Amino acid sequence: MRSDAILSIRNLLFSYGTREVLSIPELDVRAGETLALVGPNGSGKTTLLKLLNDLIRPSSGSIRFEGRPAAGDPGLRARSVYVHQSPFPLAGTVYRNVAYGLRVRRVPEPEIRRRTEGALELLGLSGFARRDAKRLSGGETQRVALARALVLEPEVLFLDEPTAQTDRASGDRIRTVLADIAARGGTTIVFSSHDGAFAEALADRAAFLEEGRLLRIEAGRARRPAPKSHAPEFPA
Amino acid sequence: MNPFLGALELILSGDREIFLIAGTTLRFSFWSTAFSTLPGLALGILLANHRFPGRRAAAAVVSSLTALPTVVIGLAVYSLISRSGPLGRLGWLFAPPGVVLGQTLLALPIVVSLVYTGLSKLDARFTETLVTLGAGRLRRLASTLFEAKYVLASALLNAFGRVTGEVGVSMMLGGNIRWYTRTMTTTIALDTSKGEFERALSLGILLLTISLAINALVHAAVKHEE
Amino acid sequence: MNRKALVLALAALCAASAFAMGGKEAAAPANPRIKLATTTSTENSGLLGYLLPLFEAKTGYKVDVVAVGTGAALKLGENGDADVVLVHARAQEDAFVAAGHGVDRRDVMYNDFIILGPASDPAGIGAAKSAVDAFTRIAGAGATFVSRGDKSGTHVKELDIWKAAGISPAGAWYKEAGQGMEQVILMADGMPGYTLADRGTWLAVKDKTTLKICFEGDKGLFNPYGIIAVNPAKWPAANTEGAKALIEWITSKEGLKAIESFKLNGEQLFFTYK
């Protein structure tokens, strides 16, 4: 295991009944990097993201978060968050959605207000606080879901097709916000995307998946060129 | 006479007994629905959210229990609360608690079944969203109830409607005692047996109006949910 | 409908239900509720609705009337589910007391059974010399007869008459309804057919039918009512005090006078022993 790996996968196997959905012998996610998962539909990107966030458990093999088993790890749960490709808005207002994770963490109410309003503003949702979260457009829903995740100031962010199903304005906004976070550093981002140009521009590295297999990993054209030691890896 | 006019006249006449009967009906239904709420929610959530051996079988049993004939429930509870039965010393037979007990048992599978189906229809992404945002077990439970509040309301209204319209339990366990356990349905049964079809029909229309109002609420709740 | 309206409607429903919770009557005796198991003939004729308020006003008791057939009423007493029974099947009443289910049986009142039938009287029972003779004619003619078939006092009486006539009724002409008296009269009217009825119920429903009394007046059709308290030794939880009070009152001069004065459409329904 690399010393700078925040998440490491070894001999991972995930199957539905007898159908093998994902098989990855080895993959490390480095602390602070932006890793793109690239591949066609059904290649296992969503499954991998959910496995990394401990929303589902592997059939065999191990996933470790900072060296500890990821399954049931409170640190992973508290410091990482996953955003669905097609996010589920919780019943109630946009404000309730964005404040939800902070309430769970028992953050004091004034701070919840401040941070929630900040996150809404960041995603251009300032006028949306009182709106019914179930009655938003696809792009708006996507932005609410991102605000709901970012308000937690997560160290690890798992994003499943963050710009899919968005209108142009929403997509641009999301791309800008994510680029800023990546540029600022300190946040590990693992995301999947169909948007090749966007993925390449944002990512430090790109992992190519096909039919549940990891084909190769390439360095992206990110603004922070990967150090030499981070040369493309190809698992045996 | 036109039974619709008869129903109207029945309501407008200010007849104390009619209001008492309607009140008794609502009172029994209110309490039996109230008593079936907590266990109904608990069992429905258990069935929907927890995997345990025999879960599918349990769900199937509950759903078939919703079709249990009221007279079967009436008979079972009767033998339970008769003075010669195990709970005889309570003196619940031919008294409101007996009817409420029977109607609670009638309402319970309806609540469980509708809560279960309602929660089962909740998107898988819903629970994943709660989990990834860090919600623990209790918080998830509370959020699930909030998310499904219209489903729950419609389950309770359905149960309320069912017990309001049933006759078997009220008749067998209440005894159709005037000024005491006589409900709208037992009054209708009595009037029919006495050949007073017009009054029975008018009462029936009154009852229908009440259940229509309740059903309108159910539909409004469900429609809002969609 | 929006959410506010729904919440409002739910609240209204709760309020209406809660409102309906009120209305408890004040009560004088320690155990004010008396459960009286009786036959449909006393309740549905309106007799008890006339009689019991008088008793309740005087004593502060509240009588809960469960109106079923005589057989079921006695069964309720046997199981301790009633405090007192008012029925009409003398042989069964005596058996009930003999078996230790009840105590203090008293005669209350009587009326009589009548045989109802279509106005045309197809079996010609108007000319019969006795109830047994009338039943024999009905069976002989194969005329439709509707039986209560519910172990009620009337049913027991009917079976006694068939027995005396040496007939075991069966066949397409003999319909066992398993329903209350009013229902059976209405069924007999619809078929049409004969049936045995108590006079009290007949007077209460006769305006709704085209049937007429085809046979009456035989002393074999005497219909006495008795009242029995449930045995307190067997059911200590029963309201024995209340049962005793009701029995005392109903067989008192005042109670008997009230029974005599109860009229339906100007006709007296029940008679007391002078």
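By written order: A, B and C. Residues from 1 in each chain.
Rule of thumb we're sticking to: contacts are C-beta pairs under 8 Å (C-beta built on N, C-alpha and C of every residue); 3 or more make two chains touch, one makes a residue touch a chain.
Computed from a predicted structure; not experimentally measured.
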Farthest chain (mean CA position) relative to chain A: C
Innermost chain, taking as reference the mean of every protein Cα atom displayed: B
By number of C-beta contact pairs, the top two chains: B-C
Gap in Å, rounded to a whole number, between the CA centres of chain B and chain A: 46
For chain A paired with chain C, centre-to-centre distance based on mean C-alpha positions, whole Å: 78
Distance between chain centroids, defined by C-alpha means - chain B, chain C (Å): 32
Partner chain A, residues of chain B touching it in the complex: 123, 125-126, 128-136, 139, 143, 146-147, 149
Of chain A, residues touching chain B in the complex: 50, 53, 55, 77-78, 80-82, 84, 86-88, 90-92, 100-101, 104-105, 148-149, 152
Complex interface listing, chain C residues touching chain B: 1-3, 5-6, 9-10, 13-14, 16-21, 23, 33, 35, 40, 44, 49, 62, 64-67, 79-82, 179-180, 182-183, 185-186, 204-205, 208-209, 235, 237-238
Residue ranges of chain B in contact with chain C within the complex: 20, 22-24, 26-27, 29-30, 82-84, 88-89, 91, 93-95, 153, 160, 175-181, 190, 193-195, 214, 217, 220-221, 223-224
